[in-house]
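Order of writing sets the labels: A, B and C. Residues in every chain begin at 1.
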Amino acid sequence: MVLTQLPIFVTMFVGIVVLLDFWIKQDGLILLSRELMNWGVIISAFATGLGGANLLRIHMKKLQAQKRDAFYSIVLLTALIGYTLIGVLLRSTHPWYVYIFNNALQPLSATVFSFNAFFMLSAAYRAFKVRTAQATVLLVSAILVMLGSVGIGEVIYAGMPAVKSWIQNVGTTAGFRGVTIGTALGAIGLSLRVILGIERTQFGGSGTGGGD
Amino acid sequence: MTLIPGRMTHLIFFALFCAATWYATNRFKVTGLVPIRRVTGLDAFEEAIGRATELGRPVHFSLGRGLFDAEHGAQTFAGLAMLRHTALTAAKYGCRLIVTNQSAQAHPVTEEVVRQAFLEAGKPDAYNPDDIRYLSEEQNAYVSAVIGVMNRDKIAANVMFGYFYAESMMLAETGNFVGAIQIAGTANTHQIPFFVAACDYTLIGEEIFAASAYLERQPVQIGCLTAQDLGKGLAFGLIIIGALLSTMGNSALTNLLKK
Amino acid sequence: MNWNSLQKIDIRVWYVLLVLSLFIPLLKPLGLPLSISKDAKTVYDTVEAIKPGSVVIVSPSYSPGTEAEMWPQHAAIVQHLIRKKAKIIQVSLDLSSVMYAERAWKTYGPQNNLKYGEDHVIMPYKAGLDVVIAAMGRDLKALYTEDYYGTSCASLPLMQSISGIKDVALVIDFMPGNTLVDYLRQIESVYHIPVTGGVTGVCIPTMMPYVQSGQCRGLLGGMRGGAEYELLINSPGAAIGGMDAQSLSHVLVIVAIVLGNIGYLASRQKGGGGK
């Protein structure tokens, strides 16, 4: 009973304290709220350590079982343990740390991120078809925004950046404002249910507690 | 103890929201639940997982960024509700479920959610903790790993619910390339277009928060949905009045909302 | 001709064309024109208006994946701030962004005879995003007691010269995520410190409501925003160099869309389902 109810109580307590801190100026409340938020940051840091431990466990298991892709587990473990030790023992200002960041992490990240360009092209080629009136509007506005974003659009028509700005600042922004309002209300509703212990999925239980 | 200046309006709106939720919930217990409009993406769940079961290939689930802070938390919770539903359905059909996590914070939570779902479905032995994988906090490392998972494990259904950044496009297109049926949902406005372009079914914005209410149909969840709709109505009214007043050079409403 | 086949071109052909469209302009620039947007000009004017000696917080919040869009903006603004003789405190909200803060300092600090600790300080990474930003507003000096190199802030003249966020003249954030919104929420609306910054291209519509309401003083959007700012400060860099490549690649995407639609319409005319 205690094990199932305690997390719900903790969630409720922390949620209500931080919520009240948003509106009420009271020294004790401010101190408590800040302390709880600091604990949140500390828990996140421990969770990162837990994640690292999980990675170690999974890949050590793969190595022991000598699975097909065990070589890649060796690569991962070497990078994980090696870079962590360099950061912890030598600090992130050490030339080795900076060298690995600039010559391994940064190019790899940029390369993977650049997949977006290729995937965008294939998605546009496949999905941007004039199937319906709405799809046609989407297609035309996408083309206008793409042309307005780059120099070649200004060569075609000097007013293209203004067209692009209008589409982005008026059409798209209006749509996003509506989505943002709806999202904010949805987030409030869900957060309220989580704080009050009505939504309990995160504890592995059924979706709603006895909140009705 | 004093009220912080500039937050009175927030407090009033929040109080109204809570009151509307409470009223709607109690009313529904008496009158019965109001119908919710169809959300095609949620109706397609059974189809997607059924297809994966027939093909003998796994289902992949991603929570996106998976953090529980102020910015990401609500969407992560919404994603967890969908994860539970996905796990229940996968367990029911006897389909393998692979969950990849980008966040170490979410990893133990997803493990527990999936384990409980399999237990609830009466298939505790089918739960495989090695299929719940924490990959990397680094976005691009996570994407590379998931692309590998999708291709090697030849997933048949890809479910993505939560807060996504640029990985949305890459995950969705990879799902397309492997021939997976894809259901996605995010409230992150700048990633919604990518899901719409690349996925078979997309839940936009607040639909992901309504998902658990749509699936479970509990009075308190429907009550929250009703309060959200009333809140939108209020926002709509304020926008119209505010736009008219601002056009006439009157900033009374703007000043009132700043209190 | 089988027009239907236009929508079935092997995607690898398009990928090769994309690589060529990006690569060729980098070798041989096309010199396409580039106008300055109102929002970029507003950012420029905001930085231009600060007085010499003002303290500015620069917050790179990006990681290597978005470096191509964000670094040119970051570099251009740091150069402008140095010209305005502003004192810069760089804070990092992303694991990798502190490396970019250091890169900006090492690239532009010594060459302009700036002294670390007096003219420029780099703060270490702090986890928590909006929690950190809120803490920055409440008590900046309590949040950062040591700089990135482990030096006590009490011994840094720049940190000694301020008591808190109220002594900061401007906050500039570079975000691929939502940190700029958090700065607006936690700093601009609470302490009324001007906030501006740059975002990736996809985030422009998300930030527009804040720009249009005046909460965010202008906005640099994507690589184009960086290129516009480089033009404004008359210091061409990576962004201007990349704009021609971006132009050609956009044209390629448009060609792909058009051909795909020709194939689709042809298949519809024939009575086929089309894709």
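What we mean here is this: a contact is a pair of C-beta atoms (placed from the backbone, for glycine too) under 8 Å apart; a residue touches a chain by one contact, two chains touch by 3 or more.
Model, not experiment: these values are computed from the prediction.
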item	value
Reference subunit B; chain at largest CA-centroid distance	C
Pair joined by the larger number of C-beta contacts - B-C, A-B	A-B
Whole-Å separation of chain centres (CA-atom averages), subunit A against subunit C	18
Subunit B and subunit C, separation of their C-alpha mean positions in angstrom	29
Rounded Å distance, subunit A centre to subunit B centre (Cα mean)	13
For subunit C, residues contacting two or more additional chains	63-66, 128, 131, 205-206
Multi-partner residues of subunit A (at least 2 other chains)	40, 44, 105, 108-109, 112-113, 120, 122, 124, 126, 128, 176, 180
Two or more partner chains touched - positions in subunit B	69, 137-140, 166, 189
Residue numbers on subunit C that touch subunit B, as the complex places them	63-66, 95, 128-131, 176-178, 182, 189-190, 200, 202-203, 205-206
In the complex with subunit A, residue positions of subunit C that touch it	7, 9, 11, 14-15, 18, 22, 30, 32-35, 37-38, 63-68, 96, 98-99, 102, 127-128, 131, 134-135, 138, 148-150, 201, 204-206, 208-209, 212, 222, 224, 243-244, 246-254, 256-257, 259-261, 264-265, 274-275
Parts of subunit A lying in touch with subunit B, wherever the complex brings them together	22-26, 29, 40, 43-44, 47-52, 54-55, 58, 61, 105, 108-109, 112-113, 115-116, 119-120, 122-124, 126-128, 176, 179-183, 185-194, 198-199, 201-208, 211-212
Residue ranges of subunit A in contact with subunit C within the complex	34, 37, 40-41, 44-45, 91-93, 98, 101-102, 105-110, 112-113, 117-118, 120-122, 124-126, 128-131, 139, 142-143, 146-147, 149-155, 161, 165, 168-169, 172-173, 176-177, 180
Subunit C-facing residues of subunit B, complex	6, 69-71, 137-140, 165-166, 189-191
